[in-house]
Amino acid sequence: MLDIITTQWHPLLNGLWNTILCSLIALVGSLVIGTFFALLEISKYRIVRLIGSIYVEVFRNIPLLVIAMGFFLIVPMYIVKISGFAAGTIGLTLYTSAFIAETVRAGINSVEDGQLEGALANGLTHAQAMRYIILPQAFKVVIPPLGNQFINLVKNSSVLAFVAGFDLMYEGNLIANDTLKTMPTYFIVGVLYLIITLPLSYYMRHLEKKLA
Amino acid sequence: GCSSVANQDILKVDQKSKQITWGVKADTRLFGLEDIRTGKLEGFEIDLAKAITKEILGPQGKAVFVPVTSSTRVPLLKNGNIDAIMATMTITPEREKQVDFTKSYFDAGQSLLVKKGSPIKNIQDLNKPGEVILGVSGSNSVKNVAKFAPRARVLQLSDYAQAMTALKSKQGDALTTDNGILYGMASENPGYEVVGGNFTKEPYGIAVNKNQAPFRNKLNWALNRLEKNGTYNRLLLKWFGNVKGFNYQEMKR
Amino acid sequence: MIEFHNVQKYYGKFHALKDINLTIDAGETVVLIGPSGSGKSSLIRTINGLDPIRDGKLIVNGFDLADKKTNVNLIRKDVGMVFQHFNLYHNKNVLENIMLAPRIVLKRPEKENREFAMQLLEKVGLADKADNMPAQLSGGQKQRIAIARSLAMKPKCLLFDEPTSALDPEMIDDVLNVMKDIAKNSKMTMLVVTHEMGFARDVADRVIFMADGRIIEDDSTEKFFGDQPSTQRARDFMSKISGH
Amino acid sequence: MIEFHNVQKYYGKFHALKDINLTIDAGETVVLIGPSGSGKSSLIRTINGLDPIRDGKLIVNGFDLADKKTNVNLIRKDVGMVFQHFNLYHNKNVLENIMLAPRIVLKRPEKENREFAMQLLEKVGLADKADNMPAQLSGGQKQRIAIARSLAMKPKCLLFDEPTSALDPEMIDDVLNVMKDIAKNSKMTMLVVTHEMGFARDVADRVIFMADGRIIEDDSTEKFFGDQPSTQRARDFMSKISGH
Amino acid sequence: MQNFIDAYSWINIRFLLQGLGVTIEISVASIICSFIIGTLLGIIRYAKIKYVSAIVGFIIDLIRNLPLLLIIFFTYFGLPNIGIKPEIIPAAILALTVFESSMVAEIVRSGINSVDYGQTEGALANGLTKWQALRLIVLPQAIKNMLPALVSQFISLVKDTSLATIIVLPELMYHAQIIYGQNTNYIIPMFVALAVLYFIVCYSLSLLARYLDKHLA
């Protein structure tokens, strides 16, 4: 096991870096897109709500691998050439954003009606009430589930392995195939994933307790 | 642990049970591919494995097939799920540290598939920064590329169809793997051609666990007999006789 | 100030307000009572457009709420509301709760805004709580902040929906005293849903009794408490709630 | 029936009950009053072991609650409790709410169980609601069902924690009447936290006043309401809540 | 276009549907197993039993935080090292169950916590023991609360079965790979078919959940 670390630390670190990079980009992207579609889903207008829910249902119900493959293989054929890393990251962003939209929507719904009514009665418009009162409170509620989404996102970034995105799992596969030391390699890869996700999940639990 | 696997003489076990369990490919045309109608596996390797089984165990001997992929074949062998791997596995010194190989049963050579009219004519043309070569992860051919075209970037995908489609999507400039497979793909995709000849030798071997000398010797013995009695050439003709561009005469033994 | 003409309100198929006709003049203090589910909250919530009406005409401060082209935000600027459960902004401290709407809606300059907010805090007796978060206050304190928040918009009219019924008994007086002060010392129009009969007796100009979505009685305070309500329904109700 | 000897209770570092000494005899009806946060709920909840005590001795129905070997389930069988927010089982209908504990804890035969449950529903005036779910009831109805649920265990003692303070004013009497009926017509020991002074005057044998985690007064009802409470603290409190 | 017509021959479609059958079979088995085990684990975590809850919690955290792909690998290739040699289908079910149970355990724990504590107090004061209160009053309500989260988890599970292609489980994704192994031109039609088939299954599942949510009042 040690020899894998001593001889392969370079690709492993590279993979770890790409996994972190992809996760961060996808996190920010899916947060923005997810919030946008959450707002669509609670709109007054039926048609806007419909658009929101179609987006969410489509991306929620198709395997991430299929989405990422679509971006890697089909999009360059007809639209624009993108790298495996980009295709995987975009796929991961859209996929995660559907889940985040659901989470944020639930968060908005969990803010008591009284808060909105209080703000409206106080003279604020619906949009102002959302911006100053409802969304800030919703985000607070949503932090723990968002944290879990982020952990899922980190794990799901392993989809990059299938589109040559040079992430941790991709490098792990290569090392395993080269050295044929399958179990030790994947053991190390697992530990590297845990190094990202475990602290995160403990931090989330801590936050959850603090906010409760 | 793995006491059971390491300490057993596979040959004896198989002779007793009258069956050999082979790890084979199920998604590779010409070598090992599942027939969707029947659910049976077929291909050159499948037929050869059957013939070897009969050779070793006699007419009642049974070949059992377990589909494997490049990433699962070695762990399955080590865990004893399969007795031997016959799955387009190239004999390399690196791999010989982990498993034992028989003599080669198929001398593939690595080549390139490119779009017709591409400026790339051989592997040297790819040895430039910015060139991207597509391959299948776990295959030996991608490792060779690092030797022959160290300055190119290599993208490894999960299977040949994905690699081929990535080539069509211009995710790479050339696709490299063993020539038999490349010719198969060229015939499906008229806009693409195999170029540059074989720039490596890719001898496929049957892999068995370490410390199974009796079994490996028996496999070599069976292979030699099949080559001598013409079975080998017959199977070669059956599977590669009609592949356009593939020189089957050269491969005869 | 507020005029209901034959107003009808429905929740789905449920007819919550039936044939409401009611006029409240500027500066009046009106108390609204009635059994649970009789439509008191529904009536009061239509006035600032929190709940829509189906039919009839509802003129508030010159605007017609039945007209879809009316911008209800213009009405809400001049009509404050105090809720049973306070509805303070959980994510803002006391001062920000009071200053937010004037800043955003009225664009009141920051300095003036803060000074006026502090003045209101003095008035409700909570100047020392300016920096607290709502969660750190008792119910009675929250409600006094909620009143200050409404006053910060300098409304022409204030609506109260059971402002003391979620409070511990010993906190009720503090809130009622603030409300009495407003009723007596300002020109505010006030419509108050409450069961505090002492308050009604003390400051109300009129008492309205509702049941089953209808206004059953609309009496002057003297008549309502002096001669007893004229309907049996209202008398029954009064005897049930007296003492609680 | 219930004996507190120098009981101390803490929430973390906060000293919620201080040097409580109190004896309640079988069959007595005792009303407990005091400002918010004075420890009334804490005191009542220690009696059936919902909250643990830190120090002292607390004997309920012969069992010592301070002793860790005491099986608190044995105490709870004989000590019923009615909460401010009812705490009916949301997932069971009215009849099942009443029948569940007798069936599981007392193994009362199904037929007898049902008959007794229906009898109790008659008693609280809600026999027609047997098949309703709790969500379909008004607050006053929920609380009467909660009382029936407690009675179904045939307890020796009933604890009430502000049973009417979450109710609409016109529903309070229905609940108080049921409670008065129990106090007058059964041998039940009752400890009631409430601000309903009419109820206290009517049925209490004693009135206890708490403040800051201590028992400040423990008077007979006649003395408490007749001569006025003896401490200034209690007199202030009484003047604040009178009328609400 | 011709590729699509050829790829969607009845023989290929039937083969895909066979794969879908395995996907559903594995999913159902894993859903049932992980629901039962996850609920038990969630209760153990909720109950705060000395040491036990902490250890169970740590294991759950470890599993929850690993990519499922690795868990499948460890199950199929790691277990034989300790003398257990599962077949592919049991191995896949085992791996999915191990992973999803730990996810379900978290959902159950927070579902139980989401039930108003007054319900527990009411039951205790009514004479029920802690366990009776949990079983008869709190859990039934918790299950209703956690239904949405559970269903999303099970939707993920259905999609996650596709990762078991890595150990050559003959499910939908793998069958698609076999089909496009015959002809590389079939790959895009196959990915489109995959998207549609997974969507149908997963979306039906969420419709079912919505129905249950309404009618489980």
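Chains here go by letter, A, B, C, D and E, matching the order in which they are written, and residues are numbered from 1 within each.
Going forward, a contact is a pair of C-beta atoms (placed from the backbone, for glycine too) under 8 Å apart; a residue touches a chain by one contact, two chains touch by 3 or more.
In UniProt terms, the chains line up like this: A, E = Amino acid ABC transporter permease; C, D = Amino acid ABC transporter ATP-binding protein.
Fair warning: this is a prediction, and the values are worked out from it, not measured in the lab.
Student: How short can a path of touching chains from subunit B to subunit E be, counted in steps?
Tutor: 1
Student: Looking only at C-beta pairs in contact, point me to the busier pair out of A-E and A-C.
Tutor: Between A-C and A-E, contacts are more numerous in A-E.
Student: When the centre of a chain is set as the mean of its C-alpha atoms, what distance in Å lies between subunit A and subunit E?
Tutor: 19
Student: Suppose each chain is reduced to the average of its Cα coordinates; what separation in Å results between subunit A and subunit C?
Tutor: 46
Student: Between subunit C and subunit E, what distance separates the C-alpha centroids? Give it in angstrom.
Tutor: That gives a centre separation of 52 Å.
Student: Averaging only over C-alpha atoms, locate the centres of subunit A and subunit B and give their separation in whole Å.
Tutor: About 38 Å separates the centre of subunit A from that of subunit B.
Student: Which residues of subunit D are in contact with two or more other chains?
Tutor: Subunit D, residues with two or more chain partners: not present.
Student: Can you list the subunit B residues in contact with two or more other chains?
Tutor: Within subunit B, residues 71, 75, 162, 165 contact more than one other chain.
Student: Can you list the subunit E residues in contact with two or more other chains?
Tutor: Residue numbers touching two or more other chains: 77, 81, 187-188.
Student: Applying that definition of touch, give me each pair of chains that meets it.
Tutor: Pairs flagged as touching, ordered by label: A-B, A-C, A-E, B-E, C-D, D-E.
Student: With touch defined as at the start, can you tell me which subunit E residues reach subunit B in the complex?
Tutor: My answer: residues 11-12, 15, 76-77, 80-83, 85, 166-168, 177-188.
Student: Using the touch rule from the top, collect the residues of subunit A that touch subunit C in their complex.
Tutor: Residues of subunit A touching subunit C: 112, 114-115, 117-125, 128, 132-133, 136-137, 140.
Student: Considering only the defined contacts, which subunit A positions touch subunit E in the complex?
Tutor: Its residues touching subunit E are 57-58, 60-67, 69-70, 73-74, 99, 102, 106, 148, 151, 155-156, 158, 169, 182-183, 186, 189-190, 193-194, 197-198, 200-202.
Student: Spell out the residues on subunit A that touch subunit B in their complex, using ranges where they run on.
Tutor: Touch list, subunit A to subunit B: 69, 72-74, 76-77, 81, 83-84, 162-164, 170, 173-174, 176-183.
Student: Residues of subunit D touching subunit E in their complex?
Tutor: Listed in rising order, the residues are 48, 50, 73, 76-77, 79-81, 83, 85-92, 100-101, 104-106, 133, 146, 149-150, 153, 159.
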